[in-house]
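In the two assemblies presented below, subunit A is common to both, partnered first by subunit B and then by subunit C.
So, the complex of A and B:
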């Protein structure tokens, strides 16, 4: 049985259709990342699952039970907020114990202590326990906030961009750690982010959300390599995917000014939007010329900006490749890496 | 520049403190010294014979006398202070409690016509309260509330409620909604979240609101005089009622009583002074 199931869930907030007809299932141990830009409806989705918003229509099942009209307290899910983490006037220990002391839970004091200690150990924050929350650093706060979620051992974690406000190094550290933690706790996670790298690295499956609709829901690999639409393709990958308007003739795809760029299937449309990832562009072996406009070194690879057949194309090539500005190259893209959407 | 600032501050302090200082001096005098033709403003430790001298013999007799019943009154100062305390505290507690609950509703829920309601609440302060003294008097006579503690408690609560609602709304708006939402998801009900999460965070705001309500109830004179000229008479009305009695005004005792009367308000205000400014601006100053 799926841990969470949404069927046709819609929610309007004022003039904005925050969610429209959202349907998906979350497996019992699954780590599902919802990816989307600001305003896509990610937070509304989490709040609806948590019970802080009531859906206008649709079915919302937790463990097979329809909970759309139930109070948040009855749902036994844990939500980590993006911009709120802790009660500033309470200590870390009090913050961690707070969810356990909810009247409906009726836990013995010893059990509360035990669980707080367990969570603190797991997140390596034992030495912070007696500290007032307002004295913590951003990273420590977020650890405690996640601690607040795990002490209850809820049936589902909802994470609203928990790493967004942290610096890059800490973010990567916690990413690995939290992925591992979720696996160990065997609890499903619905994780929301606008960071594609985060989505691709953490998720079992990625749901791409835009204007309240799920555009694609699949494994990170499929979503990255076989996006169903240019909109999805654009949300993943850095540098972003190249999207060029092309025409087809006997020789294959032709760039806006007529140069050939790669071969095309015979049944492809005559006019199309061609997408290919920068790392799939090779700088030699092609049949038309391009000029290097810019080279940006990123350590292991370099991003080369090309002017090619009337279009600007990004190529990501290993740093070992010798390339300079104004140099002429003959780029090419293998046909299997080309994504084609009819225009 | 700094010198000028100090000069202005000192000048203002002297001006503001002079009446209090005079009251303090008066409270140490005997009655004859308070109404002597020559001003007496220097306390001495022994008797002074020269009636033209600014020296007078300091004594604590007026303070010892606070428990005495003077001509023109039914009770001693301490008795009336008791009435003031009961009425002031209970009406403050009621205003803050009702105001906080009401403000929470406006702050957190979609109330239809919320702006109009809030304006209505505020509009109850547009009219000078004394303009309604006659209807209130008639009402209180019919309800037999004249001269009772309850009458003034209800009245002061009503008058202070609009202020309490607006002040508390400012303070509650500043507490992130996520505080309660986290508690809701954690398994608390709305009421429990309010008690366990919102109230502790709103303590400062409630203290500030309480100061404003208490000051206004504590010092209220017009209604106290009209409705409660007998029975539960508060201190301001008691002092005023001493006028025209056959023994004359007991000035040292009035001075001593007035000083005792302002002391609790002073202490309370000093305790929350840091938050007062936020209160005066309806909480719009961010910390």
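So, the complex of A and C:
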């Protein structure tokens, strides 16, 4: 049985259709990342699952039970907010214990203590337990916020961009740590973010959300390599995918000004939007010229901006490749790396 | 010393000088003058001054008027501030939610605060008047035997308190509302998901997170209530045994009785009390600042 199931969930917020006809299932131990730009409806989705918003229509099942109309407290899910939302005047210990002291839980004091210690150990915040929450750094606050979510062992974690307010180094550290934590707790996670790298590195499956609709839901690898639409393709990858309007003739795909670009299948449409990732562009071996406009060094690789047949193309090549601005190159892309969308 | 340092010093004096002169003329000199006169038999009209040593101070501490005014002022501060705080906070909690006509209600509630206390005193004189006041007419119509709100010894003080509460509850409400609005909604939502009971949300989140700002409001109101003068003047006048506060007593002694020396001694004692309170006040503000209220 899936941990969470949404069937045709829609939600309108004022003039905005925040969610329209959202359907997916979350497996029992699955880590699902919802990826989308600001305003895509990510947070609304989480708030709807948490019960802070009621869907206008659709079915929302937690562990097989329809909970669309139930209060947040009855759902036994934990939500971690982007801005941490700790109780600032309380100590870390009190913050962690707070969810355990809710009416109806009736845990013995020793059990509360035990669970707080367990969570603190897991998140490596034991030495902070007696500190007031307002004195913590961002990373520490987020650990405590996650600790507050795990102490009561909910059936589902909802994470609202929990790493966005942290600095880059800490973000990468916590990414690995939290992925590992979710695996150990064997609790499913619904994680939303606008960071494609986060989505690709953490998720079992990625759901790409745009304007309240799920455009594609698949493994990170498939979403990255076989995006269903240019819109999805554009959301993943840095530098972004090249999308060029091309025409086909017997020689293959031709760039806007007529230069050949790469070979095409015989049954391909005559006019198409051609997509290929910068890392799949090679600078030699092609049959037409391009001019290097800009070279940006990123350490292990360099991004080369080319003017090629009337289009601007990004290529990501190893730093060892010798390339300079104004240099002429003969770029090429292997046909198997090309994504074709009819125009 | 070189010349540029000298110009610098001259400029510094030129900038600070006027303020310093004003300070001496209107703060330091009156203070010293007041302290000096508190040891004399100075009168408002005529008469040469003569030192009387500590006689004025001896009178202050023996005088039942002073003790009474002190007690009454303290009672006034405690009652007014606590009632205003409680009412204001409850009002703020009710008005926190959005509803139709909220702006109108808010504006209406704020009107008393905007008006001059002297005008308010006169207005309430009409409302609470024993014979033709609205309140008593209504009470009579309902078959009650209405009391003389403003002239009965047992009621006057409480009537003034009521007016003060009516005037200043909106202030408390406004500050409390600001405090409530500064609490991020996500904290409430987190508590909702954590299954916290409404009582717990109130005692563990709302109250502690509002406390610093409410504390400041209490201090503001307390210092203000301590100076209570205009309402008493407008409702009963300064020489009423049932309503005399420290400020009105001082006014009575100096300007009506003309006993400048005795009044000066009175005010010196009050000054010491005020300094003590001001110390508490500044300590509290320091503490609030160091705790970073908005964290």
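Before moving on, here are some points about what is shown:
Everything that follows uses one rule, which is that the second predicted complex is superposed on the first by the 342 of 343 C-alpha atoms of A that agree within 3 Å, B and C clash if a C-alpha of one lies under 4 Å from a C-alpha of the other, contacts with A are read in each partner's own complex, and residues count from 1 in each chain.
Criterion: a contact is a pair of C-beta atoms (placed from the backbone, for glycine too) under 8 Å apart; a residue touches a chain by one contact, two chains touch by 3 or more.
The shown structure was predicted, so the numbers you read here are calculated from the model rather than taken from an experiment.
Once subunit A is used to superpose the two complexes, subunit B occupies space that clashes with subunit C. Applying the stated contact rule after C-alpha superposition, one finds that A:77 touches each of subunit B and subunit C. Of the two partner chains placed by superposition, subunit B and subunit C are both touched by A:50. Within the superposed three-chain model, A:320 lies out of touch with both subunit B and subunit C [touch as defined at top]. Residue contacts after overlaying the shared chain place A:38 against neither subunit B nor subunit C.
When the two structures are aligned on the shared chain, A:104 is found in touch with subunit B and with subunit C.
Comparing which residues of subunit A touch subunit B with which touch subunit C, the overlap comprises 50-52, 71-73, 75, 77-79, 81, 83, 87, 89, 98-99, 102-105, 148, 152. Every residue of subunit B that touches subunit A in the complex is listed here, in rising order: 176, 178-179, 181-189, 192, 197, 200-201.
Subunit A makes touch with subunit C in their complex at residues 47, 50-52, 71-73, 75, 77-79, 81, 83, 85-90, 98-99, 101-105, 134, 148, 152. Looking at the complex, you find that subunit C touches subunit A at residues 184, 186-187, 189-197, 200, 204-205, 208-209, 291-292, 295. Those residues of subunit A that touch subunit B in the shared complex are 50-52, 71-73, 75-79, 81, 83-84, 87, 89, 98-99, 102-105, 148, 152.
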